[in-house]
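There are two complexes below, and they share chain A, which is joined by chain B in the first and by chain C in the second.
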Partner chain A sequence: MASLEKTIPGSGKTLSNEAYHRRNAWRRRATLLLLASPALAWFLAFMLWPLGNMFYISTTKWGSINGVKQFIFLNNFSRMLHDPKIAIALQNTGTQIVAEILIIIPCAFMLGFFLSLRMRGYRILRTIYFSPAMISVAALAMIFLGMYRPDGMINTLLNSVGLSSLAFPWLGNKSTALAALTAIDVWGGIGFNSVLFFAALSNLPEELYEAAMLDGAGYWTIMWRIAFPLMLDFVAVVTTLQFLYVLSGAAQNVILLTGGGPGTATFTIGYYLYDQAFLSGRLGYSQAIGVLIFFTGIVVILLIRRLSSRFSY
Partner chain B sequence: MNRKQIFLSISLLVIASMVLTACGAATATPPPPPPATEAPAATSVPPTAVPPTPTNEPVTLNIWHNWGPDDTKGAPLQSVFKDFMAANPDITIKDTVLVDADIPLKVETASTSKQEPDLVFSVLFDGVLNWADNGVAPAVNDYIKDWGLDGKFTDLALANFTQDDGKIRAFPLEGFTWPIWYNMKLFNEAGLPIPTTTDELIADAKIFREKGLGGPVIASGADGMGGALFNLIVQSQMTDAETIQAFGKGDWTIPNAIKGVELFVKLRDAGVFVDGVEGVDYASGNTRFFEGKVPMSHFGSWSYTDPAGVDLAPDVKLGGFPIASDSPWKSPVYYSGYFAKGVFVTPNGQAKLDAVKRFIQYLYQPDVMARFVPAGMTPPLKEVSIDKSTLPPLVGAALDLPNSGTPITTLDAIIPPEVGTDVGRIQQEAFAPGASAEKILADLTAAYAAAK
Partner chain C sequence: MTGLTRFIQKIRRGSPAFAFGGYSFAVLYALVIIIPLYFVLISAFKNNTQIISTPLAFPPAFNFAKFIQAQASVHLFHAALISAIITVGAEALTLILAFPAAYAVARIRSRLAAFVESIFYLGFLIPGLAILMPIYMMVAKSGLLYNPIALILIYPAFNLSLSIILLSSFMRKLPHELEESAVMDGGNILQIIFYIFVPICMPGIITVLVLNFINIWNEYLFALILMDSDNRTIQLALALLRANQRTVDFGLIAAGVVFSMIPVYIVFILFQEKIMSGMLMGAVKE
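Coming up: the complex of A and B.
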């Protein structure tokens, strides 16, 4: 019969089985915590502390980094409820998110699938598709500024083929400015994400494709009826990353190219945060916008995960 | 660990981080505002915390500015540094060239860790307007008095740098003019004189369009430089007091403010601006004018010696923007002021006060200041002798501007920083066809109201 007591090696102390296992479990946890403490300290310092700081500053009135903070509780959030620019910013950001995800994800998946077939020259194509990610943000902005000018490359081309009616001041026209900025993200996002999809699709067993081909399936059917369903979890990850980029990171092009204008045509929530923090001297309010972005991001990420787990295999 | 324990641990970490942050941050009620004075009066500079460095010990003065080798004022500035150091061997100047627009944020960030430079050459705009109040660069009233500079500055230069409460933010340095540039070759080819009224401008626009040149005025409707032309046109209908009321306090119900915006829309709809002006950025507008393709543009004195404009310079005449018949001004208007650059003294500079004093006294000698005039800078001192015959063509031509136009003040220190970017976006939208005066005025009103 198994003993109901255990002796602790080295000390001679006797514990009940249950107490002995509890003690061992605690020691294991303590050891894990000790080994993980450098990473935890980094996480606390560079992830959680700035996050906590954001929440704290959002409850203050703070004019500049050299100014004095004044605690105003939730006044910034109540201001947000009456701020018409918040609705405009969220609308523009929502439009960008929907447009970019609907265009980038399917196109990137198709390109990634094509690359995963490893046809001749796929390595060179993979490098070409990834190359936009290697261009700095400022350089990219200058390239597209030159293209979008009234006398830039796009309008020159349109004028030369007799389509001058389609030549717009792309960044200066309210109807085209947001689409012009979205096009920059789409141009870079399709290639970059296609390489990610290529990496994930490369792990699928080729036998699946072979079996489908034996049954008479073409590449289009294989791509959407076999590869895509199997990749749904990864599609959710890429969609999440793209969503997070548009929510916050896409403001870089707004800052460099349009300043949120003309009017409020390209005024996004990420740009509004920057505007309030660095241009308008309202650091407290800018962090309240940051809190809004934070919770918006969490809600949508959970939604994406829920949808992907519902529909994936 | 089960999910519950993991969630509890993370929650505790988040709460701990927030508590640590709140405990570590200094919260305080803001200091009471300075007492109001009826007329601007000199205010005392707060005593320095660190005594100034004795003169016989080597001192390094750190100076941040944007007059690098590519700037026409770069070479004169380096000559000033060199000659000053030769005359003051105990002082070494270490200068750092930065992008103009980056200087304010970099200085503010550095000052949080008390690593700001000793002196800063910066434009007076946006957050810089608050430096005297938030301690980034304390007021220089006492320095002007004690260092023998009292009465040396022009009235406008000092006024541009003086706050409502009397604090002088910095030593004014760079004066500028910002006129309309007229390409006389194109005007002569069209058989037209320079317009002095908006009716003449509209008529000229029609003629230039018939000749295939398009609208005569190019402006960078896509960025802030075009906004300056919007401001100039609107201001041409307002007195200085009305300008402060509208642009400074957001009262766009003033009749002349409404007239000013309506005038802008009238000119835009009459085809005065080039086609697609709302998408033109400063660089491309610059290029098109200097290539001789456009009759009129709006550049500042920083472009008088621009190498791109060297070939065109002989054909250029400087003047004001035409005024409407009911304008309160008597002749075409152009911008003139001293906001372009001031020398700010930081707390670190206050700790080296003797060295700073000697540098400032050296810099603000008339013959030293005169070195910058050929680069297009209007000196802030009353007594700077200028030999016009030695000046580049456009720099010399700018000296005659008061003969043909009326200088009015720019809005750098008038538009509140918290509404500046909104005004910029509204100006950008104003250049686009279809933007009505009513909408522009409503947007401006809403922007100022939201900023309060």
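Coming up: the complex of A and C.
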């Protein structure tokens, strides 16, 4: 496209080099915007505009779609400070986030390292590990319902091996319900992230391992002391993704399986938003929770970036 | 490969403990994944007594009664048809929007390109839950509530970011002579995109189509609030299999789950490498 002629085709006019390039730059900009504008418009209409609306609605008191909106400025947020359910929801979500990250990342890293050695069978293992990523939240919830329910697979197996004392209504008991929902995420999360680590580890220069071997390092040491520190940027990415997922996406498991119960055992911040917006008719307050979720996400993304750039190579 | 190859050989010969430990852990986790999938697959062909008393036993006969019952209960085929219509519409729209935008950010040399691209990166930061209610309002106001067209219009917005990033990274690897020769032949930019870039980018387009298919077919939350029982998608039908019954009829649910997963697993088997590389790239670019 960038031919160096200074004659404008068709007009016969000649321009100075600088003017020609300036003119060309403007033309490129116009073409770029023209081609990108349908996608930008879509993005604006269905992502940024709703996001802006979330902020706007969060400053109102609003009961239902057809009801009257009343501007109350930051009252929803000050109410939030004294709302015990917010504290419970944040605690549940926090527990879930910490548990998922602490279990998924070490397991996924070790499996990813093992896959990256490309020992016999690594391809089939990789396919198996990745396959849960194909399952929808609804299907996944239904599969685990069949395992967790009182006469479900897990309890039948426990009974058949004589451990009936461990058999439990996993989703119906306050002490196990949140752990049961967390386990659903961990189940597939380890696999997906192990394939992620596998791909990243496969890009490491091989001399690193070689040098370590010459120093007489064992494989366990190589895995944790050499490969893992080199993966810190990646650990940051995986942590961020998992964090964002639990903050927002994990609410679907609650909607599908427990409705926040029993009691408030699985009442998470994402589910609180859904509950206020679609079940309790507090639209303004629900969007205030949305604002909280949005900013928590942004702050944590920045924090993790900051930490990872400080510690990584 | 020498370093790594030698490293691997050494593990195989020299450190049976590490290889054994690694395999044990890897196979154990593989079983943890396979058992629930196996459980749901066989449960679809059993009756409820068999499911409860011998959950992991292979079905004595392939009994399709639960599939028939599920079809009668929530109209699985109709739901699959609705999902298919939404998927095709949203896929086409996503591609029409994403392809020119990807071309623009990848092939036009301008500082504006980086800025436009960064706007699309914002898509990864916006949680679906946050915009759920505003989108519901918007759809309700426009009179498209319970209409599949609403989802056809909305799903492209969710899939644009990843589609544009994948397509533009594909286009960046192509040589710049492509456009230059076309310009000399007097082609305008739309012709260049349509006649030169679309055919060359087919592998990238297929990756994008496959990933968007999985996302759209599997989407639950927005379908839940925007559709009703006449226009339920396959994912809503699944959840209804539980809600419609007074007690949990797991055989019925399993039949629905298996039915809903068939198209996705066919695509997974056919395009495994593309799906993995595409999803990994999406994760890393975040």
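To be clear about the criterion, the second predicted complex is superposed on the first by the 263 of 313 C-alpha atoms of A that agree within 3 Å, B and C clash if a C-alpha of one lies under 4 Å from a C-alpha of the other, contacts with A are read in each partner's own complex, and residues count from 1 in each chain.
Note that a contact is a pair of C-beta atoms (placed from the backbone, for glycine too) under 8 Å apart; a residue touches a chain by one contact, two chains touch by 3 or more.
Every value quoted in this text rests on a predicted model; they were computed, and no experiment measured them.
Asker: Based on the superposition on chain A, does the combination of chain B and chain C result in a clash or a fit?
Answerer: Once both complexes are aligned on chain A, chain B and chain C clash.
Asker: Once chain A of both complexes is superposed, is A:53 in touch with chain B (first), chain C (second), both, or neither?
Answerer: A:53 sits against chain B and chain C alike.
Asker: Who does A:133 touch here: chain B (first), chain C (second), both, or neither?
Answerer: In the superposed model, A:133 contacts chain C only, not chain B.
Asker: Regarding the shared-chain residue A:107, is it in contact with chain B (first), chain C (second), both, or neither?
Answerer: In the superposition, A:107 contacts chain C only.
Asker: Please tell me which partner, chain B or chain C, touches more residues of chain A.
Answerer: More residues of chain A are touched by C.
Asker: Counting only touches as set out at the top, which of chain B and chain C does A:215 meet: first, second, both, neither?
Answerer: neither
Asker: Mind sorting out which residues of chain A both chain B and chain C touch, each in its own complex?
Answerer: Shared contact residues on chain A: 29, 48-49, 51, 53, 65, 145, 149, 151-152, 278.
Asker: For the complex, give me every residue of chain B touching chain A.
Answerer: 1, 13-14, 17-18, 20-22, 25-31, 105, 108-109, 111-112, 126-127, 130, 134-136, 221-223, 275-281, 284, 288, 417-421, 424-426, 428-429, 431-432, 435, 443, 446, 450-451
Asker: What residues on chain C touch chain A, complex-wise?
Answerer: Checking each residue of chain C against chain A gives 1-4, 6-8, 10-12, 15, 18-19, 22-23, 25-27, 29-30, 32-34, 36-37, 39-40, 43, 51-53, 55-56, 96-98, 100-101, 103-105, 108-110, 112-113, 116, 119-120, 122-123, 125-138, 140, 153-154, 156-158, 160, 164, 179-180, 183, 189, 193, 214, 217-221, 224-225, 235-236, 238-239, 241-242, 248, 250, 253-254, 256-257, 260-261, 264-265, 268, 272, 275-277, 279-280, 283-284, 286.
Asker: In their shared complex, at which residues does chain A touch chain C?
Answerer: 1-3, 25, 28-29, 31-33, 35-36, 38-40, 42-43, 45-51, 53-54, 57, 65, 107, 110-111, 114-115, 117-119, 125-139, 141-147, 149, 151-153, 156-157, 187-188, 190-192, 195-196, 199-200, 206-210, 213, 218-220, 234, 237-238, 240-241, 244, 247-249, 251-252, 255-256, 270, 273-274, 277-278, 283, 286-287, 290-291, 293-294, 297-298, 301
Asker: Can you list the chain A residues touching chain B in their complex?
Answerer: 29, 44, 48-49, 51-53, 55-56, 60, 63-71, 83-85, 145, 148-152, 168-174, 258-265, 267, 275, 278-282
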